[in-house]
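I am attaching a structure below and will ask some questions about it afterwards.
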């Protein structure tokens, strides 16, 4: 065991343990560290955007290259802060950037997202229902029936006739399998994040394990 | 109160302690369970092991420090193969912290490949806001999408690699390290469906396991060429590339913790049914 | 009149022109311009999150039990922004702040879920019905598929686990994705037809 002599490692370990102390019982150290994290994280997002986009746009694109048309989107972006004004003649201006973003966003949904998430998915669903291999045939039929039955589960326009109610019921079963798979994968993912922190605490801080195999 | 009632109402902190003990025990005393290589990892290895010298790989670091444990190992392994074959790497990020993850990765790569030159063999373009609209703009003009600067604030025209990477279409392959949104769900419509699939360009997603279920339809439809799922894929890629790291080191702990979760599921259900039986017997008595 | 109709006309006009210019090689430069303008405008709106956070925690300053936490958040938030403005994100002190707070704490906060998920396995995943049992069995098999010990216990677990992920799970998630895509597209069309105006809710008329 070789304890770290770095102040930064000790401070980081202390803050990590403060977060984990909140799992056992809510306490002031946990809340304090959590609030500090939220503040630094939000600040980092602002700094990253200023460094990587705002500053170069102003310094290079506008000041150096003379692309003055970029002032239009700059003002569109700045109008969003008009919502904080109590003056009715000004605060409506915050609708302009929203309209701009929603207009473009809606166009992208129709031109790109619909094709990827609907058209391509339909093409991929309707696989050959008759093949030489019985297992492939079963899988293909199950895929087609599964997708249709889950889609029918979300059909609320009118009540399904009684003989057809078995279809959305089967869709529920398929969805439950999907949610179970989601849980199983979430366990792998979240435990690996915890493992990463434990590897830091046991390796970098306490020196009990090697951090790299 | 019967034993089963007490078990049913067991304090959660006992469960938390059990999880910690299992994980710490497995990290200190690893068992060395064999890790079988899956078809996805093998496919990713085959793609990047045959990467042509001079070709450019674009990597989008769409994850943060929390996702790095799941994702960084597989991304690193793929990039290692590209550098080994003389390929070049350009890194972007749709998440603010992703740019820093790229910095860490390139810093580690320089220890293995000290002859790599920034701006020539690799470049960190940095975080760019806009999510899917960044991808859309980068399909047309990467320099404009990046506001003409890289992560270090240098003009992109100073980097020779950008002469061969005018748009995302110039990349020989794209990797998306995906921990949430924006990520694979933005890359699929804007890049994979629009360009990669019709032009047979590999689009690889290295994602944290929590995204596996929601991305599964894209894998089956071929919109995602290869899907590397979480730390398990990271461990497999580490084995394939011969550079064992934290992913392999953590797999024994993963195995034991999963067994603990399964045991708790079984125990929870047994206690549920026993309590139900006891309550029914009390009612009838 | 202007306040009510200008944003709506803008949304519809820009959206439709985006679609038309995207499909026409002659005027495709307008789409490229709109793409760039979108990126710039969203970048300059970056402080909206900071403003909202500040608003909430400014109110908390009046509450003695929450005051110290809100003060800590304010110092962390504005201190980080100030340091970043002076040094940029690449500065030495900024990097120290970044490496000591964001990197470890982000992972630590997310990893708390590991504890709750383990506790949920004991308390929540009960075989109360056939559907719940399906979910439980599916979760168990996928968990054993994901880790090496699954294959060590029985070679069938990886096979069944892979099948579960590739067929039933894909079918379920595909249908959900398609449903969401249909809903999104319907909303987009409603926006262009002027039937959906909830996005214009900011500010007074």
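Going by the order they are written in, the chains are A, B and C; count residues from 1 in each one.
The definition used in the following text is that a residue touches a chain if its C-beta (ideal position, glycine included) is under 8 Å from a C-beta of that chain, and two chains touch if they have at least 3 such contacts.
All of these numbers come straight from a predicted model, not from anything done at the bench.
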Pair sharing more residue contacts (C-beta pairs) when A-B is set against A-C
A-C
Taking each chain's centre as the mean of its CA atoms, the one lying farthest from the centre of subunit B is chain C
Taking all protein C-alpha atoms shown, work out their mean, then name the chain whose own C-alpha mean is nearest to it.
A
For subunit B paired with subunit C, centre-to-centre distance based on mean C-alpha positions, whole Å
17
In whole angstrom, how far does the Cα centroid of subunit A sit from the Cα centroid of subunit B?
13
Could you tell me the distance, in whole angstrom, between the mean C-alpha positions of subunit A and subunit C?
4
Multi-partner residues of subunit A (each touching 2 or more other chains)
23, 44-45, 48-49, 51, 53, 57, 104, 108, 113, 116-117, 121, 124, 178, 181-182, 185-188, 190-191, 193-194, 196
Which parts of subunit C, given as residue numbers and ranges, touch two or more other chains?
36, 38-39, 42-43, 46, 88, 90, 98, 102, 104, 106-107, 109-111, 114-115, 117-118, 121, 125, 136, 139-140, 143, 146-147, 165-166, 169-170, 173-174, 177
Junction residues of subunit B - those touching two or more other chains:
16, 19, 66, 68-69, 97, 128-129, 133, 136, 147, 151, 153, 209, 212-214, 217, 220, 229-230, 232, 254, 257-258, 261
Under the definition above, what is the set of subunit A residues touching subunit B in their complex?
23-24, 44-45, 48-49, 51-53, 55-57, 60-61, 104, 108, 112-113, 115-117, 120-121, 123-124, 178, 181-182, 185-196, 198-199, 202, 208-213
Residue ranges of subunit C in contact with subunit A within the complex
3, 6-8, 10-16, 18-19, 22-23, 33-34, 36-51, 53, 68-70, 72-81, 83-85, 88-90, 94, 96-102, 104-115, 117-118, 121, 125, 130-132, 134-143, 145-147, 163-182, 184-185, 187-189, 191-192, 199-200, 202-205
Over in the complex, which subunit A residues touch subunit C? Could you list them?
8, 11-12, 15-16, 19-20, 22-23, 31-51, 53-54, 57, 69-70, 72-74, 76-78, 80-84, 88, 91-111, 113-114, 116-118, 121-122, 124-125, 139, 142-143, 145-148, 150-151, 153-154, 171-188, 190-191, 193-194, 196-197, 200
The answer for subunit B against subunit C in the complex is residues 10, 12, 15-16, 19, 33-36, 64-66, 68-69, 97, 100, 128-130, 133-134, 136-137, 140-141, 144-145, 147, 151-153, 209, 212-214, 216-217, 219-220, 229-230, 232, 251-252, 254-262, 264-265, 267-269, 272-273
Across the complex, what residues on subunit B touch subunit A?
13, 16, 19-20, 23-24, 27-28, 66-70, 96-97, 99, 126-129, 132-133, 136, 146-149, 151, 153, 155, 188-190, 192-194, 208-210, 212-214, 217, 220-223, 229-232, 244-246, 248-250, 253-254, 257-258, 261
